[in-house]
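Paired with subunit B in one complex and with subunit C in the other, subunit A is shared by the two complexes that follow.
This part shows the complex of A and B:
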């Protein structure tokens, strides 16, 4: 199992009440599996989790991509800068 | 360092401090440039019919800094622009305060206008920054534009086709 610290932002951070969530996943787990696992652990966040893009190592990676071990993972809701 | 070559020089920043627009304009000053286009964004007093008193910008800072740098690099590859500055604010901003500045200087106006427009449009699509609005009706996060996974894999040429 690989342990990830997952960073949260905006409404998701507010709803979670924390800035990061810790999660353990099997080696080779995908982005989709990360989000499923988080939704199971925190059903209250499921709505927000459906809307995020996932960054690993500050790059957005697709749902079917494996999470690279050792990279920072971040859940990014739709953005509103500018 | 000014070597006399027509290389693009860029400045990008994500800052919690008030943005000095004149200072940013001076950063793109260049004797080879006949046109400077400056786009500034300010906090508006209304959004979707609701009164806004102030906003808070939250950023995923390390990624946002990287995206700002990528935006000016990509724009520099698309237009013959000599100077770019791209600055975004974080933290609490009252109505009227500057949230973003795009400054572009080029030998001629056409490329300066086009590059500036492209930069602000792409910034709004790609920058991991979120705005929370506060007004008489309460506080709410604005979450508007989904980030796309192709952002992380783009090669600088393929981003616009699907947009």
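This part shows the complex of A and C:
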């Protein structure tokens, strides 16, 4: 199992009430699996989690990509204010 | 370039990234700013000083007092008179550069007017306040291969992304699923930190100018925190071949709404009403807003009448009417109610 620190941004952080969430996942878990797990832990965030762009290290990665171990994960919701 | 111009822009020309050639290039450049709220005001202010050729300014709204902390184009006098933002912006920016051609457009960007509104633009700045309009803009820009710069602000944070169709991911590559109004806290409830607006706008303007100067645009999404003073850049993968817009080229937001969609709820909490009134060529017939204003006198509250826009409060809703009969209704989530109010006050 690998421990990831997941950093939340903007409206997702506001909804979650925290800046980061810690989560443990098996090695080779994908972005999709991370989001599924987070939605299970925090069902109140499920809607927002469906819409985020996910970055590991400094790269946005697709839903089906495996999470590189040791990199900080960032969840970026679409920001609509202007 | 004449000597006066060379003198005026000397500090910009002195930059190796610009030079006399770059300044010459900017002098014929055509940019459109969609939205003149917080981001739009700040972007327009900076763009108007860069020595551009044409700046199109698009916004449906009138100036309000609660705009003033962020919307750097406007004054208390504008708010007191409820003037249309596009017209105020054009007047004010004309004072900055007499050679800049300014095109104010009091309009809501929609599928059936986006083409004429943006037809001249080489680069479009997104300064809108809802994702539906951004997806529309993205569809149009990808279909027409016009670069555009996405910007968004939430509380103390912001995002900026330059989209160059065919070269970079588009907005839907990054955010394929639009937010719904229920999972979005709004600027009213979450608040907006003014310095963040400045940061995002500066990044957007820099991206626009770099695109015009044909300088290499660093790929990626900029994420800013104006409270902490932090700017992060994330590399983006793509374009995504599975993207509905730039992959499949299915431009659903550009499709003409069927008559059944004449009343449409938007993700910014408003409802748009589109009249059925068209002539044989399908062109919506215009209504005389001054006449409408006279009719509404005494019937409604807080009435503002202008040849380009009429705004009033009635039955708990705020209604904004345009010369082509389109309306924006705020204060109800029920499309039927919005249509009823429209028929009651604007007529059929």
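Methods note: the second predicted complex is superposed on the first by the 78 of 82 C-alpha atoms of A that agree within 3 Å, B and C clash if a C-alpha of one lies under 4 Å from a C-alpha of the other, contacts with A are read in each partner's own complex, and residues count from 1 in each chain.
The working rule: contacts are C-beta pairs under 8 Å (C-beta built on N, C-alpha and C of every residue); 3 or more make two chains touch, one makes a residue touch a chain.
Keep in mind it's a predicted model, so treat the numbers as computed, not measured.
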Ask   = So, A:60: does it touch subunit B (first), subunit C (second), both, or neither?
value = both
Inquiry  = Once chain A of both complexes is superposed, is A:28 in touch with subunit B (first), subunit C (second), both, or neither?
reply    = neither
Ask   = Once the shared chain is lined up, is A:82 touching subunit B (first), subunit C (second), both, or neither of them?
value = both
Task = Could you look at A:69 and tell me whether it touches subunit B, subunit C, both or neither (first, second, both, neither)?
result = neither
Inquiry  = By the touch definition at the top of the document, which applies to A:10: first (subunit B), second (subunit C), both, or neither?
reply    = both
Ask   = Is A:50 in contact with subunit B, with subunit C, with both, or with neither (first, second, both, neither)?
value = second
Query = Do subunit B and subunit C touch any of the same residues on subunit A, and if so, which?
reply = 9-11, 14, 51, 53, 55, 58-62, 74, 76-82
Request  = Would you tell me which residues of subunit C are touching subunit A in their complex?
outcome  = 35, 37-40, 126-131, 134, 151-155, 157-159, 174-175, 177-180, 182-187, 190, 192, 221, 223, 232-237, 240, 267-268
Key: In the complex with subunit A, residue positions of subunit B that touch it   = 41, 57-60, 62-64, 66, 88, 99-100, 120, 123-132, 141-149, 151-153
Residues on subunit A engaged by subunit B in the complex (per definition of touch) = 7, 9-11, 14, 51, 53, 55, 58-63, 65, 74, 76-82
Message = Per the contact definition, I'd like the list of subunit A residues that touch subunit C in the complex.
response = 9-11, 14-15, 47-48, 50-51, 53, 55, 58-62, 74, 76-82
